[in-house]
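In what follows, chain A forms one complex with chain B and a second complex with chain C.
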Partner chain A sequence: MYGFEALTFNIHAGYLEAIVRGHRAGLLTAADYNNLCQCETLDDIKMHLSATEYGPYLQNEPSPLHTTTIVEKCTLKLVDDYKHMLCQATEPLSTFLEYITYGHMIDNVVLIVTGTLHERDVQELLEKCHPLGMFDSIATLAVAQNMRELYRLVLVDTPLAPYFSECITSEDLDDMNIEIMRNTLYKAYLEDFYRFCQKLGGATAEIMSDLLSFEADRRAVNISINSIGTELTRDDRKKLYSNFGLFYPYGHEELAVCEDIDQVRGVMEKYPPYQSIFSKLSYGESQMLDKAFYEEEVKRLCLAFEQQFHYGVFFAYMRLREQEIRNLMWISECVAQNQKSRVHDSVVFIF
Partner chain B sequence: MEEQDQMQSSIEVEELEEQQQREGKRLEEENVVRFLDSLDSYVTLLDSLSSTLRQGWLELASARQSMGASRINGALLDLKFHSAATSLQVTHHDDEILNQPHFTLCKWASSKNGYGDEKLRENKLQTNSDGPQLRHRSQFAEKIPETKGAPLIVDDQVQKERTKSLSMFGTLVSPKLRAAQLSFETALETLVEIANVRLTMLSTSDQVRKELEGTEG
Partner chain C sequence: MGEARGGCCPPMYLFRSEPMQLVQLIVPIESAHLTASYLGDVGLLQFKDLNVEKSPFQRTYAAQIKKCGEMARKLRFFKEQMLKAGFCSKKSTAQVDINLDDLEVKLGELEAELVEINANGEKLQRAYNELVEYKLVLEKAGEFFHTALSSATEQQREYESSRTHEESLDTPLLLDQEMSTDSSKQVKLGFITGLVPQEKSMAFERIIFRATRGNVFIRQVVVEDPVTDPVTGEKIEKNVFVVFYSGERAKNKILKICEAFGANRYPFGEDLGKQAQMITEVSGRLSELKATIDIGLLQRNNLLQTIGDHFEQWDTLARKEKSIYHTLNMLSLDVTKKCLVGEGWSPVFATKQIQDALQRAAFDSNSQVGAIFQVLQTKELPPTYFRTNKFTSPFQEIVDAYGVAKYQEANPTVYTIVTFPFLFAVMFGDWGHGLCLLFATLFLIARERRYSSQKLGDIMEMMFSGRYCILMMALFSIYTGLIYNEFFSVPFKLFGPSAYACRDLSCIDATTVGLIKVLPTYPLGVDPAWHGSRSELPFLNSLKMKMSILLGVAQMNLGIILSYCNAKFFRNRLNVWFQFVPQMIFLNSLFGYLSILILAKWCTGSQADLYHIMIYMFLSPTDDLGENQLFAGQKTVQLVLLLLALVAVPWMLLPKPFLLKKQHQDRLRGHSYTLLQDTEDDTFQLGSNHDSHGHEEFEFGEVFVHQLIHTIEFVLGSVSNTASYLRLWALSDMPSHLPHHGDPPG
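What follows is the complex of A and B.
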């Protein structure tokens, strides 16, 4: 339909597309969520999950369970699926799959650097890192005093190296610099991923540009809201927005000067695809905004499976699994805290 | 004549004794009422603390879900030496009736810039007391503090201290995390109120018990 992918896609990626569609069928259903939301204890949750694809990962966990244990073990399932796909993939799919993990790599780098700044033990920090974002020299991050050293000692040999050009300084690392570093890296990563997908062309470019544009726009809104009342200047805020997406460039100009949530709402409502998000919220409310964004994201990710012969299904599967793990984390927290009435505040149903 | 005088004086003595008995009974009843009031406040505050903490923990879980587990976890707590943002002061009453200590929470008092922003949480039950020996100005007082500048500056300083304490999780944090911080802050204030009310309750309980023992004796 776009560029004759139907003729050649299955030669190299047909097997993996079939695999990922099989994994998609294993996502939790509405019936599973109904059962989980009625659980009284974390052991009940474990019992219900034993009948799902998470069963083998949780079966050997002793009681009493902790919510972080459930999340860790469910994440291992995602990691195993990803590693299987990666080792079977050829170029350019293997590069595409690697791009999906760079976000976690950035989070891990920031976690280690922040924890080291707070004089935490490196081993303790490594245990908290996301497994999809691990790389060989990650523990060496703890010795860096500033971004220049961070780049020179560790990150120059990682896939994040090209993203550092915009944030290399000799200033010592502190909380504000680390936050700006995080967001600058993520901005560079998203832009790079976007360019890569555009180069792939065809259905992959079409579908991924929609998904990545949504990601960039969501980041812009979250940065705007989270920086209200902080020391981040308007210019610095604007520098953290990605150079693509529906808001680029005029929406970014307006978001940069917003001083409260209602002004952000005013900016978003000018864009028809995002009007439905705020229509669910009352004025001044920001608590349910995350859920509204997640619901919109899930809708777009599910639509990616409606087409064949593109790499977007891999990205969509990974993101849907991550959403599912977030749902399980929330349900576990509500059960553990005996607040089951609040369980539907943040659960996003996928199918 | 002498008999009349004696009768007069015995009547006066009886009247005096009756008056003292009535006074004693009134004081006894007052102490019982004060004890029951403090008990009621204690139970109410415990309930309030429980619901505030539940709300705080859920907001923290919500922030964790929004920002991600790598941004909100115990491994990021700062182990570097730093001065306490909040402290508890114990003062003693001069009151003869309630000879007990009084707890005052000093929130967001930073020793670095000398802007010791202090918050007084008045115990509404202690209406008979002359107040603690040290006086602390409330941050929400209508009067402008003489040495602290305008209330707006004080509020800005409090906001900065709040942001500073959250900075271990990053400088751009979700509003949910800020809401969780406010909930735990409220819970801390409630804890101090509970401590003060508990002291009053124990003190009045002791008085009532002594009076009852005295009556039985």
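What follows is the complex of A and C.
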């Protein structure tokens, strides 16, 4: 029904689209970032943020601030926005919105499991979890000893359960295993989300397939770079790539055999949309790759707002807000640690 | 120019916005704070932000604003605490002079004290809540153990008795073995008791079941009343649980799960006697703690009470200080750092008041030098400021909602005072309803003094601020109601009997043939005889529709005449000749003509069809009018009017942009040597300035498009506005016909 969603879209999702576009107007602009980068103390940052949408969330914080407080409160704002939207949403938008949080859920599961492996306190770990990825029995993850138990005890009740089908082994958990688990879960999640969006059809499918393909390709590149020099075999590596995106299928073959970062680069440069990412970096440099990817992602997310009557805006807004919170965290850290010269290293301007 | 106009005629401040001046203040830094405060009380100076390029924390008084923000945070904290404790801050009239720094110290002390008391109270409360939970566990689990014990002994007895009988199906198969295992081999079952939130209880049970592969025995008992959770301090529904397990590993798992679910565990003695002892012990400690908590609460309430007494004052002070510093931040710091320089707009009449405030501030702050006040010459367009009073302010607000007039443009508010309530009344028209409205608004006006000082609800606030507007509406409604002769939709014979009567006594043909006129025309308004008659609706419709058009055309003409006033005031001949004149011609040759036809039809009683005349005036202007002719030579007149209207459109559209362009080029050519004239003729500059978007840049295309839009808007607007005025008829028709909705149409 491509092209006809405009007829009926506003019946259910019109209000929420208006809301989300209003929220988008509240994102910090380049002028805001310039001002924030000039701040001398965290109190200055708070003062500046008090004129933005974060104001009500920060105003009751007593004066010696910490970066974590700022990030926590800003995340709270995102969570409140999300919850408000989720409350108002009807099917299939509500499912779509729930899909957005699964990524955080996977991250939280991995965080808790890794933390328990290194014998950290569960409460401490819980505080570090992203609030969007919380589920009821998350703290119980600490009980599990291996993947099978993890699944059987806890995750079977969560929406992540179907993604587990590929990684149930009785091996004991270790760092490598967990990392593989994270990527297998992510792969299954992205594929499922992609299928769901395709099922929705229309502009949603078009825009979300672009955004999710980018996400999948980025993960593929990251997996390739991170697995260089580990004991992960080529076939295992290839198994972790999501089965869609620009690299699928031929790029995956090439990525799977890469031995160093310049080979990865060579693969990427064959794909015109990704040429620009590497063009800014000199050979052999991988630290700035993350930032380049983030910048590219932000550009794509902003484009999602150019079209109306699709669900991509919700995904884009959540991602942009998260990027903004990452920016704020970086700026606050730089200000707090007196490293102001490095402020611009990792800040991605959204507008 | 303000004075020149004010000299000859009485002050007409309502018709135009106040003449404004740009003033510069140079305030010594020591008296700056007091100056800002006094000027704030005067409220007639609008500061320009001279530090636009600076971010908020780079400004001069950023530190003070931060301080005020911090104080506001403390005050919010107090307020929240007071609300929780059920205190409301009292309005104390006593003005206590308290310095900002003192207040800051005081607030800091109070906050620290309050936080400490709260922390202590919380600790005690937590201990108390834990004990309450413990007691619950003891009671519920004790109950459970008790019943279990009695049932077990019963079972034992049953078992013993059943041993003699045949084995029934009910007896468990393994019972034999279980019972026969000797006590030395028996695994010691451990158990854990505690409380778990009710909503998580199912998941809790499930997870424990899964984690131990079903090798547990769980019992849960619902606690009837919600329990205060010791950790969060919230009241939630909880279950008491007992979990029996075997083995150390299971125990560890269960402990971890308990932790994960926020289930509080409490030790529980197996011995019955010990349990009873524990219960009494716990009860004793509970009552002890209760007393301590009560004392703490009393202390806290006392503290909050003292805060509550001053809260309102402190809050006002903190807010006031914050806005004072915000204002001071708009001033720029002089190079010598000894004085602040500010610029702002003020109405000319306020000069005296402002100077007075400056002097007072200098005197009160013991400053060595007074503030310097001087008027600046500027070509900037000043902001619009209308002086209003309590009667005109609601009308001004209505007008401002549609758009604020530019500086010194004619203010439509004066006319709105009459037209707005009148047009309302045309629709509302019922003197019964009008009287109700009148009494309601008179009530508001009578209690004006009391209401103006207190905070009203949302809707009430709106009613109250518009009370004079509503008063006018009520008065006009009574008037139009009398004209329509409607009192709650019922006609009254207020002005003598009806002019019409039946033809004979039986009145049989009243509805078929009609009535005859026996008396002179009814003196005021609609004759009551129309009510309920067959032709009532067509008659009233025709009357009200035509009346609406007359009112509409009159009002639109008023609007155009106001634009003439503006053009005249700003000496803008272009706007007079190429905007006002063609607009007048266009409107009046079409709709003005229609109005005249309506009046002619009313006066002559002609049967001509006005729709027909108007429509065929456009479709075939040369055709003969036939029976629709109202006066001799109507065809020629119509042809002339139509031509005039057609000419008026390009007249509006084309000359103005070209003339503006020529004017601009002339000005550019003579720019170097017309400087002297410029300063002399300030008003002309102002007037032409904002028409051509500043004389530095002149985009012909933009001006032309602007004029095109303007013209199209006017032409379409005059048609659609006339149609819109028919709403007056449509709405006035509605209320009077609602009551007899069920009547057959007639």
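Everything below uses one rule, namely that the second predicted complex is superposed on the first by the 349 of 351 C-alpha atoms of A that agree within 3 Å, B and C clash if a C-alpha of one lies under 4 Å from a C-alpha of the other, contacts with A are read in each partner's own complex, and residues count from 1 in each chain.
In this section, contacts are C-beta pairs under 8 Å (C-beta built on N, C-alpha and C of every residue); 3 or more make two chains touch, one makes a residue touch a chain.
Not measured: the values here are computed from a predicted model.
K.L.:
By the touch definition at the top of the document, which applies to A:E124: first (chain B), second (chain C), both, or neither?
P.N.:
first
K.L.:
Considering only touches as defined above, state whether A:E53 meets chain B (first), chain C (second), both or neither.
P.N.:
Neither: A:E53 stays clear of chain B and chain C.
K.L.:
Output check: A:T230 vs chain B and chain C. Expected answer is one of first, second, both, neither. What do you get?
P.N.:
Touch partner of A:T230: chain B, not chain C.
K.L.:
Would you sort A:E191 into first (chain B), second (chain C), both or neither based on which partner it touches?
P.N.:
neither
K.L.:
Who contacts more of chain A, chain B or chain C?
P.N.:
Between chain B and chain C, B touches the greater number of residues in chain A.
K.L.:
Taking the superposition as given, does A:E253 touch the first partner, chain B, the second, chain C, both, or neither?
P.N.:
Neither: A:E253 stays clear of chain B and chain C.
K.L.:
Tell me which partner A:E206 touches in the superposition: chain B (first), chain C (second), both or neither.
P.N.:
After superposition on chain A, A:E206 lies in contact with neither partner.
K.L.:
What is the contact status of A:D157 with respect to chain B (first) and chain C (second): first, second, both, or neither?
P.N.:
Once the two structures are laid over each other on A, A:D157 reaches chain C alone.
K.L.:
If we overlay the two complexes on their shared chain A, which of chain B and chain C does A:D44 touch? Say first, second, both or neither.
P.N.:
second
K.L.:
Check whether A:E295 is in contact with chain B, with chain C, with both or with neither, and answer first, second, both or neither.
P.N.:
In the superposition, A:E295 contacts neither chain B nor chain C.
K.L.:
Chain C touches which residues of chain A in the complex?
P.N.:
Against chain C, chain A makes touches at 35, 38-40, 43-44, 47-48, 50-51, 59-63, 122, 136-140, 142-143, 152-154, 157.
K.L.:
Provide the residue numbers of chain A that touch chain B in the complex, in ascending order.
P.N.:
68, 71, 107-108, 110-111, 114-115, 118-120, 124-125, 127-130, 175-176, 178-179, 182-183, 222-223, 225-227, 229-232, 261, 286-287, 290, 326, 329-330, 333-334, 337, 339, 342, 345-346
K.L.:
Across the complex, what residues on chain C touch chain A?
P.N.:
Touch list, chain C to chain A: 55-58, 62, 65-66, 69-70, 72-73, 76-77, 200, 203, 206-207, 210-211, 253, 256-257, 259-261.
K.L.:
So in the complex, the part of chain B that touches chain A is made up of which residues?
P.N.:
Going by the criterion above, the answer is residues 54, 57-58, 61-62, 64-66, 68-71, 73, 75-80, 159, 163, 167-168, 170-176, 179.
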